[in-house]
């Protein structure tokens, strides 16, 4: 069996299906999509891609399956789903997710339409696997869907430890081998075995710390917001791609297309010449409604602010994330012989929820020369209360 | 300057004082005191000693001082204190701490009497340093005492990352370099600079996770309790050492002395043939008073249980830890320009306190053949409520 | 001072010159040039770039300078040279080096013309540094040029350990801190201090092992040869870039340009749909002259083979590397108080030279369907002797 | 199945035989024998023991067996042999090997007599395994004996990577997973599969570099020689142990016994107050015969030197190692389909042999105050030529 050397999991052994899937254009494309997209502008050594991440997820799924009593056919589908779980991502991964969603209504883990259209679907069928079943697992459906996409999925286990390895930020170094060994399938529900409340909490904490220090770093958020706006302008450009073509681009294609068709933002992203924060306000400082602002409302606010500040529309970006949630609170653990939700067994889940809320920030960004003008206008337009 | 290779911090450069202190018997003795004492019975690769830990603490103190504006003389005293902070430990470190405290009233960080009596004191004086000032820093006194012993001390930073390296449990791998770079001295108070609430929380969480999985593992607690009782019997033995001699032993000397004078427990500890848990009860299952039981009361309870169970006194150990506290809640961080207690700036501190409470356990231990008899008697004598 | 988190060296502190150089387009461009170019097609987690490598080289230069007695002005120039040493690289680094050399006669470490033309030159001058002196150091000139480019340079120290970190191949994990601490400047010559023959040999061995397993892996060589031929065709294309423009591209721009103008090879490189080995022959199996074949002669041989095999010219690639040499044999070490060449102090250097010779391979590559036809023709045309 | 957390291999899963063997006194004793004995006096973080090393060897054997086609019964015997391969070691491992050999003629890997006498033998029989067959495998006999003790054994693979982890010296970090995956059983001979000459050479080089920098560090050799002499005096002491009792001691027992019965050397070893080098001469500087000096002749030379120097017999130690050899040159690799000896396929083996010869040193050690007197006498008595 073919083995690939990985810096995180050492040798990854590929089964024949995986070896064939690897050679398909849909999978090779992942070589050109960085795992951490704009985070790399803060942590320069984080240049890893969704290609090696997908191999890692496949590897962990395989390890987990070796500890669970699962029939061979199901296991083969789960492994394929683990390998393919990210082929639906657009260029720059999560950073173009909302653009694509707005134009197509499609989320990156919806690959039901994608699989039949590509060689990957053919490879699956040639090996006697059902592409629809693989796509369903990628959406997290079925007993073992949770292993691919859920509260205790191997996706998260791989990215936390891989992102830690490549950023140098240690918080993501979870004990993935223990998590995998302690997984149980109880009444069609993945749960951690007795004695693993700490194990589950550690996973939760690792993600919270990586959120705070890595994934939601303000520099990455600024670059991501610039990319979002630039992508919209690219799609609106007469020589720009259609959205389906856009969604199939990879990082290098997008970067070149932006430089060509949206040169102001394109060059800025390429050279890390980013907008600065004009406003950076917590939930206590803004009207509650701001955390629920639609995209159109955000764009309208940008225009209002630009007008008030006397700058060009493109020079104001309003970045109001939706309210934070903690998916992992639905993690299940066995406590005293009973499967319980982690939330009910752990004192920490509630506190992490509060911490996530405390970390929420409304951002308004603008080029450095006009940042003060934009700040004044934005505080006014958005009704941000001054921090004491 | 002399450099020593360390598996955690790579090369550690020694200043002339440190180089001379290294050669003193008081410091070389630390080669023979394992950092994690009985934890090693659970995590076998954790054989590291207080010798290399002390070098690591010295190294981190030196790094921290390079970022703080401190005069040379103070810095020299702080470095010496960091190096010597553990010379007051008895054999098996924390596991004999309470025995020694009961017999001498002296805590391991009280080295004021110890320093003058040893070559280490002479070395300090030969280099123009004041042993009393060093001893005060080891007790955590003065502006920079907190760097050696306090909420943000380099002792903790080293042991977390070193224990993670040697146990293989990743939770302790904090970002110590960031902690050190972000330390500030504000109004005579060590505090983390602006933007470091996450940094402080990460330190807290790392310790909580290491507590739960490593430091307070029940196997280590059982062996520790056995060692405590065996030490008492050794001190009571007519051919046993005086307490001062006992406190100056190292691991190997104690192990041989126990095998000779307290052969039942001595051989068990040496061969990891440990007592088993007869009772393991949380705060909800016991009377509140049990968490405050004095040592004498614990011993009295042991005798009562032994009598009720019809076994020998030595075959029952009651291990009731005192209520958990979280020292780090006093960590100070700068938030919006103001030095604040972490407790007031973080949602997590309160939750961790609750988690620590939830992790408290009363243990009653006995040899395997009598463990059922002891359980019945102990539940009765201690009034432990059955878990539902 | 600004600090950047790196996965290899942890925090890297930037001096004011470095902080300003970082923001120049010439340096930011390095974010888009992968350190290991086509090696990444073998070791997928090796996606790191010359950006973080350059930061690492800067960091190691700074550490080395702290151990050498060098005046501040010289040190500032050396640090700047270390940071900028790779800005002269073309897209895909070493893999387009020969194309650019053939068309311009310029090597990547010749940045004398480049510096004045960019913001980087202005930044240097603004800080009172001389761009010409920096360029000379990058070429390895002067007493300390050897620290930037020479047998004991920090470039090598960084890339070995960084490539090991990212490929997962451990052979590159040298003891860089020891190398740096043991560097001495003796009579204008960098040399390792007494007792470091092993240290020097270990560096040599690490590079030899990385050469054999990573840098010269046949898959990377095939992709590199394809890229070389594709680049020539791109430069010859009527809509293609001029060579100076080509040399200033980064990976993403080249990949998109190749897809557009040299679609057969471009798509193959992008999708890792590579040519296969038709011939792979050692020095014993070929005429000595083949190891000295000029580029034009290689191209002529390709045409002859293609004709004999009845395939298109573009379907044959002859890849005859020049004879291997071991630069590090000029490393100097102090032995018994005298500076000696490592070659004269070490038994291993000669053996490594023989090993490098034994690892030399002539490659002839072709698309899979025609690989057998090409093999027959190539053996004939090139006069390769059959391996027994 | 029981799993143990290890800092090198992460989780190690124990089969039922291993789980039972673990609890035997013979195996638990290995907790008290440090892997690197006196090396720890140079590399302080290298406190790991033969206990965790043995677990690691067991783990690697199990991994290797999963890649080889071996029947279950043979595999069970190999795993048991891997786990038990070091139970025959005396206190301080290799450092008392020669004392024990001189008095009993028994090497540490001769456990045929030992197994039946202990619980370990009973455990093996209870699980249907043959203690004699296990003992034969530990001696390296049979087709798979080479996996336990031979040129490509898992013992070496574990100790190299483990010693690197704990000393911090990176040279031992081999690619053990690749070695294990590439092992083949060809005609009753373990060999590395095609394409692994580099893999085999890397193993050889790792050991050579660790020999030079770690295992044969002069400080470790001095302490080892002191321990050897002290052990002889302990065995000769009227209250000292018999040799069989001595051989069954562990580190702590020996250290306490030496302090009591050989207080001068015992206290020195305990406090790292070591003799210094009076002579340190290479093969070129001494008569060839010195490399073949018997123990008795070395002791006689010590007495002659002591007399000439006017110091006590105990104050002179002559340490003349036997000529170096490279066992791994017998490693077998498949090259072009044929099993060949590495020596015949690699240019490096010969050079490493020369390097080992160049690293050979005759040592004469003495307490610091008399080191000059001893040097003069030793040069004279031993006829050491002055280094030019």
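Order as written gives the chain letters A, B, C and D; numbering starts at 1 within each chain.
Throughout what follows, a residue touches a chain if its C-beta (ideal position, glycine included) is under 8 Å from a C-beta of that chain, and two chains touch if they have at least 3 such contacts.
Keep in mind the model is a prediction, meaning the values are calculated, not measured.
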item	value
Farthest-lying chain, centroid of Cα atoms versus that of chain D	A
Centre-of-Cα separation between chain B and chain A, whole angstrom	40
Inter-chain centre distance, chain B versus chain D - centres from mean C-alpha coordinates, in Å	34
Distance between the centres, which are taken as Cα means, of chain D and chain A, whole angstrom	50
Overlap residues in chain A, where contacts from two or more other chains coincide	5, 10, 169
Pairwise touch network: line, ring, star, complete, or other	complete
In the complex with chain A, residue positions of chain B that touch it	169-171, 173-175, 198, 201-202, 205, 209, 212-213, 336, 346-348, 350-352, 354-355, 358, 387
Interfacial residue positions of chain A with respect to chain D in the complex	3, 5, 10-11, 177-178, 181
Contact footprint of chain A on chain C as seen in their complex	4-8, 10, 23, 25, 28-29, 31-32, 34, 40, 43-49, 51-52, 55, 165-169, 251-253, 255-256, 270-273
